[in-house]
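Per-chain numbering from 1; labels A, B and C assigned in written order.
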């Protein structure tokens, strides 16, 4: 059964933090809530932890009304973004806190607590650190203490608020992998909040994309990457860049080319958005076959080449990404004019209120028919 | 008396101080001279305004010798005044301690309507003249005051008695603890309390195990200042005490009365209060050096 | 309805309730009694209490001397704070600790001590007398006592700000070619001004209401060195004239409230710069 979140709404004054949010989390699932700051993801987390109450909506855990329980009795483990470790307690005291504050009838014996703490510290790989104070630990170690402290109360739901937000890049990557494995070994239902796409896509079973208090899409990382449901999800997850384009009849017109679209009905659409991902912009093998673009600059980053391309009708340069091997076959340098192919385009039709009416992915055939007005002039490099 | 003062100002210390300023860096002569002038001016201000009056107290107290000094502070009235001063402080300071903690908890962990007003009210006693504060209390708790007849009917005397002294002392020292705690707890935020809550701690457990240990030095600091003011309060207590010698005279009031009669005895009593001040300032310094970070930073 | 705060942490009622209880019995109720008594007099009755020559002279002295004392404190306080923050010298910490003295020294003790120093036969008084300067039992004495009690307010308000500015701002100005004078008047003083004014207002509030340190050195001479708090005490103590005292108290209270509002406004003004800093 897991957690059932149904039509949550939370408003602070005029600011809507959560707008009709519904979500089901399966038992033992690892779910990431991904969104920019202010998207409502932290509000959702705080409501689940009992640190805030929604204006409307319900949360059930295995059929039990979670909102009726106060934070103290909810059995939800929360790891704060900045850990919120108690600075005046040692690591062991921090971890034992949740057990020691139980009413004395439910409180385990001191020896049991001690053994439990040792076991947890071993699990988070901090055996030798029991008597240290939080200020004597590195960021990654503090993070794991916070995790152990939250796990000590044997929570049925674990919540992580930007778990790696305060760490350096290197520690972050290692800890990500570790946490993924750790979750697998525990199997505890976990929800974590992040603004980092890589983090969400790499770790979670399912990703919930949020924007402005609404859920834009729920799906596996692959689903969201392949079929972004909204322009926001496409931009935020798949790095989709919008292109000037329009739909006329059954054809999509972009950069003077037209491609046929199947099953796209958006006659009364308010707005058409066309997105292309950096990796779907390919260099044309033959000149004068495709869209003209000027190579503004090139960056070589660990096996990939990132390029900024100036194309007509678009003010911002278009970002493209190729792997080094493909790039090596072309003899272009910065400043050259090249021809590019768009391998895949995602088209969204939205109504006045921003709701999606239709969505389609177009794979233009490479040797497409140009409908340009004049003959293309060959530009020598 | 002049001889008692001169060595303390220490020509040697002054020279060393000046030398250490001059030796910093190698700026232009004009800048160096300006530095020395500023330093000497500041030291002169401190010596003239602060050191001299402090020394004068002890010089006057011992002017007639140690024996006289000891006799003066052993007078029954003076001892009674010391006892009363401690009694008043022993009641008023804990009251303000609890008030400060409650006010800080309320002001820093919750959002509610009228919070800004509450904050202003907490600060208000700082800017009310102690004399006015004492007078306000008489208007409420005095014989002809708002609650006067009710109190009389129940056989309670507030004004010209111990409760009045305590009330006046509480009023003028009300903001001390709260003022130390509120900014600190505001900077620390509610996150750790929230963490404790999700771990299953009750309100009192959160307070005693998480909040209190983190603010203990600031609390001590506030209590220290509160106590110094409570024991030394003059204006407000003067108005409500009726200064009955040996009965409602606190030590500062005793100093005032002795001053009219016996100059040196007054200074002997005053020297006790000055000593209290010095001890307070000493402990305050130690707390600031040792735990300065716990007073105003957040972890 | 949605803007209603939700209190997640426990103890809201207990802590706020206790705070309100203490504030009500110690501050609000007495305050109301004071205002009530003052209002009962009516404007004519109020003026009858205030408009006497004795009271007007005391108000003039209390406010005039307090304004002057706070101004002098602002200058001296800036000097002391500057030296304590910027210079390293022997006994700096001792000097720093000394600044708190007027805070912590019981006012009556400070009062008799200042009097002993400046009395005609006192250690300083006897030296100033040949120069024709009389301090004790004159308005100069009132001013001196007020300067004494106000000094720490200015120093303690300025110190943290001076420390937080440390020298990078000045160094920036220095690299831009500013002279020491320019650095002080163009860069530091404008930045310090709101803080300095806050310290000034605090010192002023304290000086206006001060009783213990002033009454000994002032000598309380009719029309000449009587301060308003002294008159209030006189009315209560010897004349049992609570209404007259309340009328005077209302004036003092209005002055403190005005200062409090000014300080709140100043603090908001200061916060404008907090972001940049």
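In the analysis below, a contact is a pair of C-beta atoms (placed from the backbone, for glycine too) under 8 Å apart; a residue touches a chain by one contact, two chains touch by 3 or more.
This one's a predicted model, so the numbers in the text were calculated from it and none came from an experiment.
Could you give the fewest steps needed to travel from chain A to chain B through chains in contact?
So the least number of steps between the two chains is 1.
Give me the two chains with the most inter-chain contact pairs.
Maximum number of inter-chain contact pairs occurs for B-C.
Compared with chain B, which chain's mean CA position is the farthest off?
Chain centre farthest from chain B's centre: A.
Between chain A and chain C, what's the gap in Å when you average each chain's C-alpha atoms?
Comparing mean C-alpha positions, chain C is 56 Å from chain A.
Can you give the whole-Å distance between the Cα centres of chain B and chain C?
Each chain's C-alpha centroid was found; their separation is 15 Å.
Can you list the residues of chain C that touch 2 or more other chains?
8
Which chain B residues sit where two or more other chains touch them?
If we look for residues of chain B contacting two or more partner chains, we find 194, 197, 202.
Taking each residue of chain A in turn, which ones touch at least two of the other chains?
50-51, 71
With touch defined as at the start, can you tell me which chain A residues reach chain B in the complex?
For chain A paired with chain B, touching residues are 49-51, 71-74, 76-78, 80, 82, 84-88, 97-98, 101-102, 134-135, 149-150, 152-153.
Sort out for me which residues of chain A touch chain C in the complex.
Residues of chain A touching chain C: 11-13, 50-53, 55, 71.
So in the complex, the part of chain B that touches chain A is made up of which residues?
191-192, 194-202, 205, 209-210, 213-214, 299
Would you tell me which residues of chain B are touching chain C in their complex?
Against chain C, the touching part of chain B is residues 1-2, 5, 13, 16-18, 20-21, 24, 31, 34-35, 38-39, 41-43, 45-46, 49-54, 56-57, 59-60, 95, 98-99, 101-103, 105-106, 109-112, 118, 120-133, 135-140, 142, 144-146, 167, 170-171, 174, 190, 193-194, 197, 202-203, 206-207, 225, 228-229, 231-235, 238-239, 251-253, 255-256, 259, 263, 266-267, 270, 273-274, 277, 280-282, 284-285.
Could you list, by residue number, the parts of chain C that touch chain A in their complex?
Residues 1-3, 6, 8 of chain C touch chain A in their complex.
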